Amino acid sequence: MKSRLSVELAGITLKNPIMPASGCFGFGREYSRFYDLSVLGAIAVKATTLETRMGNPTPRVAETPGGMLNAIGLQNPGLDKVVAEELPWLSQYDVPVVVNIAGTTTEDYVEVAEKISQVANVAAIELNISCPNVKCGGITFGTDPVIAAELTKEIKKVSKVPVFVKLSPNVTDIVSIAKAVEEAGADGLSMINTLLGMRIDLKTRKPILANQVGGLSGPAVKPVAIRMIWQVSQQVKIPIIGMGGISSAEDVIEFFLAGASAVAVGTANFIDPFVCPTIINDLEAWLDKMGVQSITELIGAGWK
Amino acid sequence: MDKGHLTVISNAPVADRVYRVRLQGELVRQMTWPGQFLHVKCGPGIDPLLRRPISICDVDTDNAILDMIYRVEGSGTKILSEAVAGVEIDVLGPLGEGFPINQRKAGEHAVLVGGGVGVPPLLYLGKQLVKKGVKVTSIIGFGTSNQVFLQEELGQLGPVYVTTIDGSVGHQGVVTDIMTEKFGLTDDEWDVLYSCGPIPMLKALKDRYQLSNKEVYVSLEQRMGCGVGACLACVCPTVEEENSYFKICVDGPVFGIREVAL
Amino acid sequence: MKSRLSVELAGITLKNPIMPASGCFGFGREYSRFYDLSVLGAIAVKATTLETRMGNPTPRVAETPGGMLNAIGLQNPGLDKVVAEELPWLSQYDVPVVVNIAGTTTEDYVEVAEKISQVANVAAIELNISCPNVKCGGITFGTDPVIAAELTKEIKKVSKVPVFVKLSPNVTDIVSIAKAVEEAGADGLSMINTLLGMRIDLKTRKPILANQVGGLSGPAVKPVAIRMIWQVSQQVKIPIIGMGGISSAEDVIEFFLAGASAVAVGTANFIDPFVCPTIINDLEAWLDKMGVQSITELIGAGWK
Amino acid sequence: MDKGHLTVISNAPVADRVYRVRLQGELVRQMTWPGQFLHVKCGPGIDPLLRRPISICDVDTDNAILDMIYRVEGSGTKILSEAVAGVEIDVLGPLGEGFPINQRKAGEHAVLVGGGVGVPPLLYLGKQLVKKGVKVTSIIGFGTSNQVFLQEELGQLGPVYVTTIDGSVGHQGVVTDIMTEKFGLTDDEWDVLYSCGPIPMLKALKDRYQLSNKEVYVSLEQRMGCGVGACLACVCPTVEEENSYFKICVDGPVFGIREVAL
């Protein structure tokens, strides 16, 4: 009998809807010392770019009320090393891998997507469009429906696996961007990426982050994520991986009610390395409490 | 390395804005390596959200008792300073690579150099070195007299030199002033140097020993997220390779002085 | 000798830079039972519309991690009552009044601005452009630079007092909107208004707010406000009234360092009715600590 | 009405998920009007951020001691339930307009109708009515037996009828079932009715007395922001005028049953 927690995402079956969020779990090695990664529904790994990236200078993180800012800057070993070392290591676990890919030109993205989507344990690509597009004067791919749609089209052409487009919340009209990428063939959406924020140090009188601005994540952003998923899920047919401040089973259910079909947990891993298995355990009890047979019954139940 | 709860036994000021907290719990028995740190959830809930890295200052493994000494800087340490006996503190650790001491031999002379809240990890280090028959000399620097702590305890391990910026106690000046003829601490007098403290202090040591062949270690600080190597918040450029980083939380916080760029 | 806390805003001199934020202080009556309103640098009163507004059904507020959502919906007695009853009552205090005005058509806004700007104790108008523009299919005035600029122009034509345009943070490019309204003659900016958010009740499985979505305010939004003020203050010459999560003197200084010339305190009044006078008292000590003669030295010091 | 700190004297469960907290402090001396409430900061910092409105349940003004009874629903009441003796709680109050009792005359008969956590304010009300020589009968409704509280204390003021949905104690059904011949509680038997509880209960009373000439009061709940009338979060449509609202935090929480639309 099928598990009450199992969900379908663009043809991929997950044993449960919980995955660590990209950038908050490395490539899994660190947290594998805490628990068996096979208990996870999936794993979204750190953004992978064509070449090795050094990322930003430090400090790279700052705390905010109920949240945190990060400006890691896509540090990663690059496509070849990820394919040669990280993904094979992950293949020892019975867990689908969602590879988050990033770049500064469409060509970069395309090359990464083509190569990486052929790796056996890569179940899906998460297209991180919250990156500056050098060809378009650095405006981020994710803030313009046309640019986002074009990139999605190109990636779909080459990807052997479903493509989830990860939307930036720093936009006036997230629905128009969601529809544009759906139109362009996206198999699903990941939302939300981080909100742009900043903290200033009273002692130095300068920004805390070397990069000045950073991405806001954690509980503070949860209501913004819920609102955007609520708005988008009613306007698109493709599934949504919800994220933004999730740290408990209650949060997961709130995201499902808003319209998510699965969720990613990011910042909460830093506070409790066991948060993902804990949430997975707690979900069953919540389904009982709510008298729900399968968690899929809750998808969009807030507006259906 | 694990996540666990430790119970507060005591938590009281030892210097201006500086507290010493004594904690007890099974997890402490793993804390055998000086220089490692704990990632501490200073209060429940989301305020503050992130854990705070704090060094292991002293450990009594038999009784599973741990001491940490911390300065109240902001919200987290403030809340930690309000924890009374009996309160349970959520900690992650022991984390990181501590001070290398396995190669130490009886009869060697180790100099411990600490500045401000960089001093705490030197106590546990000094105790283990003395156990190994290593001669320990401590040089600890502070801003002014009411900031000084651990002078007596380090004194039980060997000579202690205190420096203060304003000269209100000990020698007026910085720790490196002590490493001279006058104090019998010229470089040929010691075999290894372990240091922990503010960047200017560590830079001074690096300038001094970068090109020497002396064995010198520094413990670094950086703002952290996960504390376990996953988030890449705490990186520090390596010296050997171009384009490569250490993660201070897992590769450090202790490094050989020629390994890292400060 | 001039107070170290006194600031200049578009020709208006405030004895200190602290004012309660619009909608969080009514028209002052309630908090006048706690302290003498004359200690305040200014008072921003509840949004005033041409006609009486009933606002939204209840529940109108919900809590979020480190923040709150509100969907009050511009409930207010309307222009005539505000002019006849509220403003005269406030005139007993030695405190400049910033009147927040709202509407659904340019004509509404213009009529309110023209009449209310003639009232003696009205020092400035705060133009709330985070309202749906019925003529333009309900798109909010504040999300389009052209619409925002046109409205600003019209208001400037009729207003007898300086006009501060209150920007919505729910936009892709806040700088372009700020520049557009400056170009159109705005004397200053207020930022930020609330971020759109939502909470869903696990018991009812429906949104907590009767209006479904609401405006996020409180500490959670502070880093977003700081970032936007940082970006905008470097691109415009007009002064900025900063707001978003301020609850302490430290917060005020962080906003100044980012580029604000004065600040508004909203949600924090609900937690501590004395928060404004407390902040005013604490500021002096902070200036000493920082070795600053006048708080104006801190304006934009983070990037200057 | 003011903001102040009250010290926890005791804080213990009195029913399933229901706690009674006893607080002491000067501010309590202002709390003379039953039906008023306090806006309570359940914990320090931003988690939870907002205050929680909780009714005054009982007051000993001479000793400045206050009792409140609250059910653990979410984060705020959960944290409040963990406050131990000696902890200081930040409260704003007393707030709002309580139950009108000035017109009450000795010999009158008042019926107090409460449901769940709507029962607490009725205790302080009943005590003041009895002081005035008013005869008091209480009808209190709960879900099931382990949720029942205040039965004994109300019993010291006059007859108490308990109803439970599942009939595990008292009468199976709802409070209005009691207001009949059988219990000598037909409308002509009493002069005034004060009620506080869930909306369905208050609606039942409104349907029953809307068109009558009986004096009936209801205490309402609504999510609140400021608690003092400034934010317009807690409005409730009035009946007389079109387009007009009461603010539950300042015009209420107690209203005449014909004043408000439920």
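Going in written order, the chains are labelled A, B, C and D, and every chain counts its residues from 1.
Everything that follows uses one rule, which is that a residue touches a chain if its C-beta (ideal position, glycine included) is under 8 Å from a C-beta of that chain, and two chains touch if they have at least 3 such contacts.
Predicted, not measured: the structure shown is a model, and the values here were computed from it.
Trainee: Counting C-beta pairs in contact, which comes out ahead: A-D or C-D?
Mentor: C-D
Trainee: When the centre of a chain is set as the mean of its C-alpha atoms, what distance in Å lies between subunit C and subunit D?
Mentor: From the centre of subunit C to the centre of subunit D is 37 Å.
Trainee: How big is the gap, in whole Å, between where the Cα atoms of subunit B centre and where those of subunit C centre?
Mentor: 47
Trainee: Distance-wise, how many Å sit between the C-alpha centres of subunit A and subunit C, to the nearest whole number?
Mentor: 34
Trainee: Please set out, as single numbers or ranges, the residues of subunit C touching at least two other chains.
Mentor: 65-67, 218-219
Trainee: Would you pick out the residues of subunit B that each touch at least 2 other chains?
Mentor: Each of 46-47 in subunit B touches at least two other chains.
Trainee: Could you draw the chains as nodes, link the ones that touch, and say if you get a line, ring, star, complete or other?
Mentor: Here the contact pattern is complete, since every chain touches every other one.
Trainee: Which bits of subunit C are touching subunit B when the two form their complex?
Mentor: Residues 65-66.
Trainee: If we count contacts the way the header does, which residues on subunit B are in touch with subunit C in the complex?
Mentor: 46-47
Trainee: Given the complex with subunit C, which residues does subunit A contribute to the contact?
Mentor: Those residues of subunit A that touch subunit C are 64-67, 69, 143, 170-173, 195-200, 202, 205-207, 212-213, 216, 218-224, 226-227, 230, 245, 250, 253-254, 257-258, 290, 298, 301-302.
Trainee: Would you tell me which residues of subunit B are touching subunit A in their complex?
Mentor: Those in contact with subunit A are residues 1, 3, 41, 46-51, 92, 222-236, 243, 245, 250.
Trainee: Which part of subunit A faces subunit B closely enough to touch in the complex?
Mentor: Counting only subunit A, the residues touching subunit B are 23-26, 29-31, 33-34, 46, 52, 54-55, 58-63, 65-68, 70, 72, 75, 208, 218-219, 267, 269-274.
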